[in-house]
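Once you scroll down, you'll see the structures, which are given as structure tokens.
Two complexes, one shared chain (subunit A), two partners (subunit B, subunit C).
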Partner chain A sequence: MKVGYYPGCTLKGSAKALDETTHLAVELLGSSLTEIEDWTCCGATTPLTETRIANLIAQTRLLAKTRDAGYDALVTTCPFCFSTLKRANLTLANDELKRRRMNTYLAEDRRLRDYETPPPAWVDYSGETRVLHMLEWIRDDFGFQVISTAARVSLKGLKVAPFYGCQLLRPADELAMCDPENPVLFEEFLGALGTDVIDFPNRIDCCGSYLSVARPEAALRASCKILDSARMHGADTVVVTCPLCFYNLDYFQDEMLRGNPEFKQVPILYFTQLLALALGAPLDKLGLDSHKVDPGPLLERFTVNVPGEVPA
Partner chain B sequence: MVSQTIPVEVISEKSGGSAEVTLVPIHVMGRRYMVPSDLTIMKAMEYAGYQFTRGCGCRGGICGACGTVYRLPDSHRVEVALACQEIVKPDMFLSQLPFFPQNKAVYCIEELDVDEGTLAALYPEIFKCIGCGTCTRSCPQDIEVMDYMAAAIRGDIARVAELSFDCVMCGLCIARCPAEEAQPLVAILARRIYGSHIAPRAQHLQERVQQIDDGRFEDDLNELMKKDLVELKELYVGREKEPDMPDPNWRPTDSSYL
Partner chain C sequence: MVRILQPEERREAVNRMHELSNQDILLCLQCGKCTAGCPFSNDMDLAPHQIVRMAQLGLIDELKASEAIWYCATCFTCVSRCPVAIDIAAVAEVIRLYLQMDDEARFDPESIPKSLTENAPQQALVSLYRKFGN
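So, the complex of A and B:
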């Protein structure tokens, strides 16, 4: 299966560490990810009304472009991009009217000049590209057993709390990734890395999401509850897949400390940082300098200890 | 299309003569005119009696003042052009769009803190872009407007600067954008940032400016100032020129100014 990679806008800005460690980890697994060309924003949210179909144009163009570039699937690490693209893909596969309207529109995406030779005609898109989250791709294309074998650093003793967030779980019938009430995918992944996975009740809560813009105090309360719970259940770190979860859980911790001097800070990690670390990446390649709460001191004891095999 | 031909007088230095000009119908803001078929939209409108005080600048396709939208009778599509560049098409329905409101963010380019969020901080509405592609279709310069807006959203300033380089700021994309963006303003901000913060400094230019400041060319200039017009002309005409396709190792015979 030939896969294209869709990083998404946030991964080129505030969540660079997620993009860089995604590439790093995949390279350490002996593979590589190629970004599709000239991508736009995925749309960020799925339109929730039947009539608002303009918000499907970008996804349709992206998915068709991926297909036309010869890829079978599109892999994303950002759960927002994943959800938006996968749901749009299902709509295009199953909703005949919307599919027709999108294809009619995009068939005229370009305005042809007198002097131009016509580009290849638009081929109707009806959901041919598979949309995969990085976790699914690793599970299905590599297998968790393989990363377990490939791991060069033992993360035994690192107590990690997996935090799912919302976008990977629901709507479960559309995303078809995990049981939204009792997901195990993230635990299996972290277990394969050799970590001690902590079970804590708030792992499928909402971090506050975009309320961090409109009502930051509400997002702060939601995030604080998650961190307190993870800490109480013994976690050294909370691991996330989503740049927005990362932002709310990490960036707000100074504020939490100001509000409550008893609050104990918890470093937040992207799952790809942990994967790259387990596969032997040195700490300074993990983008840790972008974190508000420095995970450096926690991770120092888990760096490569096999002499002569440190990857560049 | 109903075209007609009319005889015209041809005035040339050598001899008087006559020729025929084909007239074609165009519709300017709904009104029909017969205009010579080989005129640009702008000249055709002037031929029809319009006088431009706005919506006309350089007449050379550079200033972007004469953005025009039109439709042809056999198509539902909206076409765009710079009026000074495009030749009239028979039966076109057109209107010029000399100005479209747009709010420029206020910034001091030297003092900007440049990172991935700079464009978004000054133009937060870029996140409203839904990627419909209308802007790209509305660009008379064939710029990939949607793609540079996508680059702006992810903070890739150099890419925005590169993709938008040919923008003449005619504003047609602004007029057509369903997300109410002002794309050319975002693009020119990116090009300004690129020029002032990202592009490498030209070392040789700074050295030359320093030499001028230090007075290295003062005597040569004073010498020139003393010459009369005839001598100046001789010097100018007789100066040594770089050949059209110079050898990479080409140097002038007199290299005292290098």
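So, the complex of A and C:
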């Protein structure tokens, strides 16, 4: 299976650390990721109304481009990209009217657009590209057991709380990755890294998503509740997959502290940072300077190498 | 005061909602699981199950005037817990769509303070503009 990597806008913008540690971790696993050429925006959200089909164009164009470049699957780290691409893919495979409208539009668009070098004619797209999230790809292509064996740094004693967020889980029948109420994928991954995985009830909650821009008080309350719960259950750090969860949970902690002096700050980590760390990456390669709450002091004690296995 | 619509008017509103959201809102049992699970039901002036009930009654004007539809973060918790599988996020999105169709919801990105947009991840801005904008 030939897999193309789709970073998406945020991983080239505010979440560079997620993109860089994704590449770093995969390289430390002895593999590499090839970015799809000329990628564009994924659309970020799935249109929920039947009329808003123009909001499927970005997804369709991107998925067709991936197929036309010879890839069987597209793997992405950002849950927003994952969710909208996977859902659009299902729509294109199963909804004949939307599929025809999309393909008719995109074929015309390609024909009429004034290209310097005209691309080949549009080939109808009906959901051929598989859409995978990085966690799924790591599980299926490498296996969590392999990660466990490849780990050069023991993370034993690091109490991590996995936070799934919304876009990885729901709607579960379409995303088909985890049980929406009792997911285990993230726990299995973190367990394979040797960490002490904390079970906390808010791991499947919503952090407030884009409400942190439009209705900041509401998102702040939601995020604060998640962090309080994680801390109360003994977590040293909350681990996320999503740049927006990261932003909501990390960036606003100063404000949470202003609102409640009892609030205890919790460093937030991307799952790829922890993976790269376990595979032997030095701290200065993890992009930790982009964090508001510095995880450095917490992670320092986990950079001691397992005897006899010194990373190159 | 709650309006009571004529049966015809009500039926038309329900049918239009069905057509645009692809959701059969008449299946709703008012069990309240959506509201119980919603992370923002406390911030809303109408709880999610009330949104569905009002949509059943065709009270679209009241829904258009509510704050609740702007607090939906489309996290799909309600959708995943609904025993009759109604996508309530889609119902809320149709109400936002109505406002956009009426030209009453032209979302002004300038209205958001710069302090909130300059550090926000790109995905937050793209999805916000898509959900709130046109």
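FYI, the second predicted complex is superposed on the first by the 295 of 312 C-alpha atoms of A that agree within 3 Å, B and C clash if a C-alpha of one lies under 4 Å from a C-alpha of the other, contacts with A are read in each partner's own complex, and residues count from 1 in each chain.
Everything that follows uses one rule, which is that contacts are C-beta pairs under 8 Å (C-beta built on N, C-alpha and C of every residue); 3 or more make two chains touch, one makes a residue touch a chain.
The model shown is predicted, which means the values in this text are computed figures rather than measured ones.
Novice: Once the two complexes are aligned on chain A, which partner has more residues of subunit A within touching range, subunit B or subunit C?
Specialist: Touched residues of subunit A are more numerous for C.
Novice: Thinking of the overlay built on chain A, is A:Cys206 touched by subunit B (first), by subunit C (second), by both, or by neither?
Specialist: In the superposed model, A:Cys206 contacts subunit C only, not subunit B.
Novice: Quick check for you: in the superposed arrangement, does A:Asp38 touch first (subunit B), second (subunit C), both or neither?
Specialist: A:Asp38: touches subunit B, not subunit C.
Novice: Please work out whether A:Trp122 is in contact with subunit B alone, subunit C alone, both, or neither, and reply first, second, both or neither.
Specialist: Neither partner.
Novice: Report for A:Phe142: first if it touches subunit B alone, second if subunit C alone, otherwise both or neither.
Specialist: The answer is neither, since A:Phe142 touches no partner chain.
Novice: On the A-aligned overlay, A:Glu50 touches which partner chain: subunit B = first, subunit C = second, or both, or neither?
Specialist: In the superposition, A:Glu50 touches subunit C alone.
Novice: Using the superposition on chain A described above, determine whether A:Ala218 touches subunit B (first), subunit C (second), both, or neither.
Specialist: The second partner, subunit C, only.
Novice: Quick check on the superposed pair: does A:Ser14 touch subunit B, subunit C, both, or neither? Answer first, second, both or neither.
Specialist: both
Novice: Quick one: is A:Pro171 in contact with subunit B, with subunit C, with both, or with neither? Answer first, second, both or neither.
Specialist: second
Novice: Show me the subunit A residues, by the header's touch rule, that subunit B contacts in one structure and subunit C contacts in the other.
Specialist: Shared contact residues on subunit A: 9-10, 13-14, 41, 43-44, 55.
Novice: Can you check the complex and tell me which residues of subunit A touch subunit C?
Specialist: Touching subunit C from subunit A are residues 8-10, 13-15, 41, 43-45, 48-52, 55, 78, 80-81, 166, 169-172, 180-181, 205-206, 208-219, 221-222, 243-244, 246-247, 251.
Novice: In their complex, what parts of subunit A are in touch with subunit B?
Specialist: For subunit A paired with subunit B, touching residues are 9-10, 12-14, 38-41, 43-44, 54-55, 57-58, 61, 108-111, 113.
Novice: So in the complex, the part of subunit B that touches subunit A is made up of which residues?
Specialist: So the residues of subunit B in touch with subunit A come to 77, 79-80, 116-117, 127, 129-133, 136-137, 142, 144, 146-147, 149-150, 153-156, 178.
Novice: Subunit A touches which residues of subunit C in the complex?
Specialist: Going by the criterion above, the answer is residues 19-22, 39-40, 43, 70-71, 73-77, 79-80, 87, 89-90, 93-94, 97, 112, 116-117, 119-128, 130-132.
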